[in-house]
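Paired with subunit B in one complex and with subunit C in the other, subunit A is shared by the two complexes that follow.
Up next, the complex of A and B:
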C-alpha cells in the first residue's frame, strides 16, 4: 500500500465525482476573476461609457449596456469581486470564532459550555436578516459593514457543529491515550482533536460561502450594502425599474453569475461531505 | 453434491475491486453442510470466512464484489443464479443470519417483541396477534426470563447476552433450514458466551436446523460443531470432523491455531504461535522441543522485590443523575473498597465480566478517572491527591495500553509522530533526529518494520496497531504499565504473539504490569497473581499457579467453567 493520508483519499473520491470537479472548476474561475479584478487587471474601467444607453446584448457588448452606457459584463465582473470578497471575509471572521468557541465549549463543558451555548442560541434566536440590518445600521452602509455583519452571524452553525464533534472525540481512546502520556489540555485539543474535526470546517465553509454571497446580494438590493460600486444586488435593484421597458440584460447578467457560483458551492459542499465525513464512508 | 447436503458450496471464488486492483478474498472454496449438522468455519480476520457467508446470503456489496466462478446449491437451487426477489424470499425465511454485534443489530426505537414479530410477519401470512404470540414463545425458547413482559422492553433495557438471545429468536422465527452465525459470541463475556453457545446448540438440535458457525477461535466451536473447515488466506487448508481436528490436526496452520490459545495451568514459557509451525510461505516447520516445555511460574516469584504499587481501600464512584434538572440522586460505586499490593517486576491480573469495575480500577490508578476515596501509593509516594502538574510528570513512569487498537491511535498522525509525541511532551530524547531514531528502534523491537514509520494507523492491521500502542507506551521507558483488555480485540493467533511480546518486554525492561481481561485463561498465563473482580470488589486473590486448581469463590469457579473446553481434548505435545 502506498502512503495515503485521509486528505489524499478524500481528493481521490472527489476527483471521481464529475459534478464536484465541474463545481470546483467554476469556483476556481470565479476566484481568478475576482483576483484579477481586485488587482485592477480587468474591469478597472467599469465606470467608463462604452456605448449608448441600454444597448441590448451583442457581439461587442456581451451583456449589453446599462442606462449610463456602461458595459454590463464589466459590472458583473466587478460584482464578482465584491461577492467573492464578502464570502472570503465572512469565512475569515466566522471560522476562527466558530472553531475556537465550539472547541472550548465541547472540550471543557461545564460553565464554559453554558456561556458559549447561551451566546450562540441567543444569536440564532434573532432572525438573521434583522440582525444583518441592525448591524449595518450601526456601522453605516458599505462593504466593511457587510463583512462584519455576515461574519458575526455565520459562526453559529460552525460553532454548534464543532462543539458536538469535539464532545464526541474527547471521549475517544486516542485522547485518553494522550492524557496517559502526559499531554496537557491545549495539546489534546489543538493537536489531537481539532485535526480530526477539521473536515467539518471545510464542508461548512463551502456551504457558508454561498450563503454569504446571497446575503450580500439581498443587503445590497435593500440598499444597505455596497455603495458607489457595482454589485449583483444593486444591479438587480436597478433592473427592477428597467424591466418594464424591456431591458432585461442587467438582471440576467447578475442572476446568472450568482446562480452559477451558488450552485457550484452547493454541489461542492455536498461532494466534500461525502468525501470527508467518515460517518458516510461506505454508503 | 450428496443427497443429504442442505448447502453445498462448489469451487467458490470471490474477488473485490479495490484501489490496488483485483483482490481475491475467497479462492476455490468447496464444502458441504449436511441437513441438521453444524459446521464451523475457522480463520483469522481477512481469511475470507465472512465473505463466504455473505456470498451464501447474497449480501455481497455489488459491484465491488465479483463471483467469477463457483456454485452455491441450497436445497438443490443454485443461489448464485437467483434474482433479488428470490433471494429476499429465502433470506430470513429459509436461511437466516446472526451477526457479531448485538448492540447495533437491533433497532433502538422499537420494542424487541415487535422486532421479532416483524420478522415473522414479513415471511408468514399471520395476524399481528399471532406474530406477537409467536415472538413471546420464541423468547421463552431462547431462555429470556419472563418473556411476555420482556417482549415489551426496548433493546437498551437488556444486557448484551439477552440482546444476542433476541437476535437468535429473530433468526429462528421462521424456522430456517440454515442458520449462519458470524462470530456471534465474540463481543460477549466468557460466561455469557458459554450460555449463548449452549443455547445455540440446543436450538439447533431441537429445530433440526443446519448451522454454519464462523469464528476466529477454534476453542469456541469444540463443543458444538460436527465438522470444521479451517480457512487461511482465502483458501481452505483443512476440512475434517470436529473431533479429528482437535486430536489429529494435519495442516501446520490448524496446529498453530490450536496451540496458540493459553491453557489453564500448563503453558510453555512463551505461547506457541502459528509461525512456530509454519514458515511465511506456508511450509511446515519443526517445532523445537524446548518451545513446548511447560513452564512453572512458581520459580521466579518473590525475590524480595520492593512493593511498587499499593492500592488501599480505593473507591471510585459516579453520580447517578435524576429528575428534570439532572440533580445527583445517588452514586454508583464502580470500584468499591479495593486493596492490593504489587511488587516490582511482577504482573497482577484482574479478571471479571464487563461492568465489574476492572477498567475503572485501572484508570483510577493512573488517575485518568479521579478516585473518590482511598489511597494509591506508587513507589512509596501517595499520589491520590497530588497536583495536576506533578501527576503529569509522573506519567512518564506509569503507562497504559488500551483495549481497542482502532480508536486509541489518532488517525491523523503518522506512526513516527505518534511514537515521538511522549518524548516531545516530556522534552526528552534530545533533538528531532535522536527522537526519530529512538522511535525507530522501539518500533523494530515490537516487531514492526522501520520503513513503516511514515504511515498512518489505518494502513495497519489490528495486531500491528496494538504493537504501535505498546511501542508508544514504552517510549518513555516506564516502570509500570496497565494493559486494559489489550488483547481482547485481537484474533487468538495474534493474541498469542502480543502476549509473548508483552512478556519479552517485561523481562527486558523489568516492567511491572497490571493486566486486565475478561478471559481467565489469558490472565492466568501472563500474571503472577490473579484478582477476581465482581461488582466493584476483588472477591478472590491468589497466585496464578494455584487459583485455577483451588478456587474458593463460586464466582471464580463460574468463570473457570466458562472457558471454552475445545482445547482440553488434546495436549501440546500431540501437536508437534
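Up next, the complex of A and C:
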C-alpha cells in the first residue's frame, strides 16, 4: 500500500476544514493587497486629500476621511502593507535564529544547550514590550527598527519547541541508522532531523505572524513604530481623540482590518497544527 | 454607534480607577494634573506641572497677585518689596516673622521651626550647588556677586561647603538679607517668585537625603508628609499656617464676578486638595462630567460638545451651573531650525518654509480656530508686542513660497534632503507635524516626523542632535525678555536657545534692553528686536494659544492665572451649592 506523505495528508485534512480555507483565503487576500500596495499599484496616493476633514463613510469615500481629508480606506490598505511586511520580515529574522539555536541546543545538549537555554530564558524573562521599546530606542525609530526589534524578540518560542522536538528525534531509529552508516552530526541534524520537525516551523510562523502584526500596532500606537506612514496603530491613536467628536470610522477601519487578519492567522495556525501534528491525528 | 462610543469611553474611564463618593462635610478641592511629576525638590521644578504641585507646600519670597492684572508681584515670605539701591544692584529684603515650617521628623521633637534668613541663603545656594545640577540655575547664573565663584570652588570638593559666606548674599539678622548683583537684573524679583526659588529647610534636606524629593517640608498652606508616585496626591490644610488673608482688591470687575466675596478671610479655605493625575484627555473630560474634578481644561476634541459655535457654553453644561473661561495664554508655539546645520543658514529657505504652511487650517484643526497666529516671538500681553505688526513671512502664500524656494537655490525642492522634525510622542503633536508636512510637500519640501518621549526630545535639543523641532514656550514671568532670550546666542544649547540661532545685532540689542527697568524705552527696544526676528525667520512661528477652562459652580474664586503655582490657596468650595447641584450629575 502506498502511503501518502505527511504534507499531502495535511493538505487533505486542511482542505476539509471550511474555516481553515476561509482563513487561508483571507491571508492570501491580505498578502495580495500588501504586495500591490508595496509595488505602488494601489494606495500609492494615500497622502492625497480626497475630501474635507473627517467626512463620514459614503459611497464616494468608503471608509470616510481622516482629519486631513485623506481616504481612510487607502490608509487601511497602506497599513496592511506595513503590517504584513512586519509579519514577514519578523518571521524571516526569527525563524533562522530559532531553528538554528533550537536545533543545536537539542542535538548537542551539554554546555551548548546550557548556553542557549540560558540565552532564551533570559530573553523571555524580560517583559516583551519593554525590550521592544529599548531596542527601538537604540536603533532609532522606523520600520527597519521594528523588523529588527520584533525579529530579535520573537524567536524564543520557536527555539524552545525545536529544541524539545530535536531532543526527541535524535534518539529515534532513523537517526541511529544514519549514525550506523557513518553520517556526521551536521548531516544527521540538517538532512534527517530538521525535515522531520519542520511542521513546527510552519505552525509557529502562522501564530508568530499575527503576534508581530499586533506588536507593530501597539508600538505605532505608542508612537514608537512607523513614522510618516499610515499604520493601524497610528490610526487607532488618532481615533482615540476623534471619538469624542463621533468620528468612529478610522477606528473601525483599522480594527476591522486587524481583527480579520489576526483571527485568520489564529484559525489557520490551529488548523495547521491539527493537520500537521501527528499526535493530534484522529482527535 | 453612539453606544459603542460610550462603551469605549467607559472602558477608558474604568481603567484609571474610580473614586469614593462625594464628600459634603469637608471642603475638598478636586483637581486634575495632566502629567506625573518627578518629585518635590524646588530646584528641579522646570515644568509647570511640578511647579503647580510644589506651590501647594512650598512658598517663595514673592508671589503674583491672584486677581490683579497686569500681573503684579506682591510679597509673600518677604515682609514687603525690597529696598533697591539707586544703581539697581543692591537689594535689601526683610522677611515676615513667625513663619513656621511644617512639622516633620527632620526637626527636633518633630515640630516645625521658624523660617529665618539662613533658610533663604541656603535655598538660593542649593540652586548653585554643583553636586545637585539644579535645573533652575540659569535664573541666577552670573547674576549674584560671588555665587558663580562659590559654585566653581565647590565643584571639585567632596561635599559642598554651605557655611562659606558669599559676598553677594549677606545676612544682616534673622529677618534681613542683602543681595548684591553683578549687573542690573530687572527680572530678579520675578526669579524669586518662581518655583525654583521656593524656600526649603536644611534639616529636611539633610534628614531625608536622597528621599528629600518625596518628603516636602515647606512653609506653604498645605502639607504632604510623603509623596508617593501614584495617580493621586492628597494635600491637607496646614494647621499651623500663618495669618494670611484673601486680597480685598483686584482688577476692575472682579467684584461683580464674586471674586471678592471672600475678601479678608483667612486662607487657605479648603481642607483638602486632591489631585488626580490623568494623562489622557477623554478620562479627564469624563471625570469632570461626573463632578469628580472641579476645574478642567477642555480637551480639543470635546470643544464642539462643550462650547457651541465657539462662544457659548452648551445648554447641558449651563444647566449644571458650569462656567466657561477663555484664557489667552502668554505663549508662543514654533518650529525651530537647528542653525548649526548649514542648510538653515539660508534665510530664503526658512522664509519659503514658513510661507508654505497654512496656519489658518492648522488653527481650525488643532485649536478650534481660537488661537492667534504668531507674527513673531513675543505674545500679546507683554511689553514689546505690537498689535498692528504683521510679519510678511507668516502669510500663507504657496506662489511666494515657491519663488523664495527657487531663489534659495532649491527650485521645486530639488536638491533638498528630507528634513526631520522632532516632536513629543503625543497624538496631536504628531498630527501637527503631519499637517505641516502635508503643506510643505505642496512646494516640494519633504518633511519626516520624529517622535520622542519628552526627556528624549529635550536631550536631542540640548545635544543639538536635531534638524528641526517643534515646541511651545510659556512665560516664566511677565517680561518679554523671557521670550527674546530664546534666540540670544549665549543661551544656545544646552541653554534655552535650542535653535542655536546667533545674530550679533540682535544680541547687542538684547544686552542693552535686558538690563533696563520696564520703561517705554525698553518696550521700544523689545519691539525692534521682535520685528528683526520676524524678518529673519529663525523659527517658523506658530500660535499664541487660548485655553478654555470649565469650572464647576461650587468652585469659588477661580480666575485664570498664567503663573498659577500659588493660586490654589485662594480657591474655595461652596458646599451648599455642591450638595444641591450634585443631584444633577
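Just a few scattered comments:
As a working rule, the second predicted complex is superposed on the first by the 280 of 283 C-alpha atoms of A that agree within 3 Å, B and C clash if a C-alpha of one lies under 4 Å from a C-alpha of the other, contacts with A are read in each partner's own complex, and residues count from 1 in each chain.
One rule holds for everything that comes next: contacts are C-beta pairs under 8 Å (C-beta built on N, C-alpha and C of every residue); 3 or more make two chains touch, one makes a residue touch a chain.
As the structure is a computational prediction, the values presented were derived from the model and not from experiment.
After superposition on subunit A, the partners subunit B and subunit C are accommodated together without colliding. When the two complexes are overlaid on their common chain A, residue A:238 makes contact with subunit C while staying clear of subunit B.
By the touch criterion stated above, A:180 is placed in contact with subunit B alone, subunit C being left untouched.
In the superposition on chain A, contact of A:223 is made with subunit C only, not with subunit B. Contacts of A:196 after superposition: subunit B is touched, whereas subunit C is not reached. Residue contacts after overlaying the shared chain place A:123 against neither subunit B nor subunit C. Superposing the two structures on chain A brings subunit B to within 43 Å of subunit C, judged by their nearest Cα atoms. On the subunit B side of its complex with subunit A, the touching residues are 19-20, 366, 368, 392-393, 395-396, 399-400, 402-404, 407-413, 421-422, 425-426, 454-456, 458-459, 469, 472-473, 475-476.
Across the complex, subunit C meets subunit A through its residues 1-2, 4-5, 8-9, 280-282, 285, 299-302, 304-305, 365, 425-428, 430-431, 434-435, 437-438, 441, 448-451, 456. By the touch criterion stated above, subunit A contacts subunit C in their complex at residues 47, 49, 53, 67-68, 137, 141, 222-224, 227-228, 234, 237-238, 240-246, 248. Only residues 1, 3-6, 12, 172-174, 176-184, 187, 192, 195-196 of subunit A touch subunit B when the two sit together in their complex.
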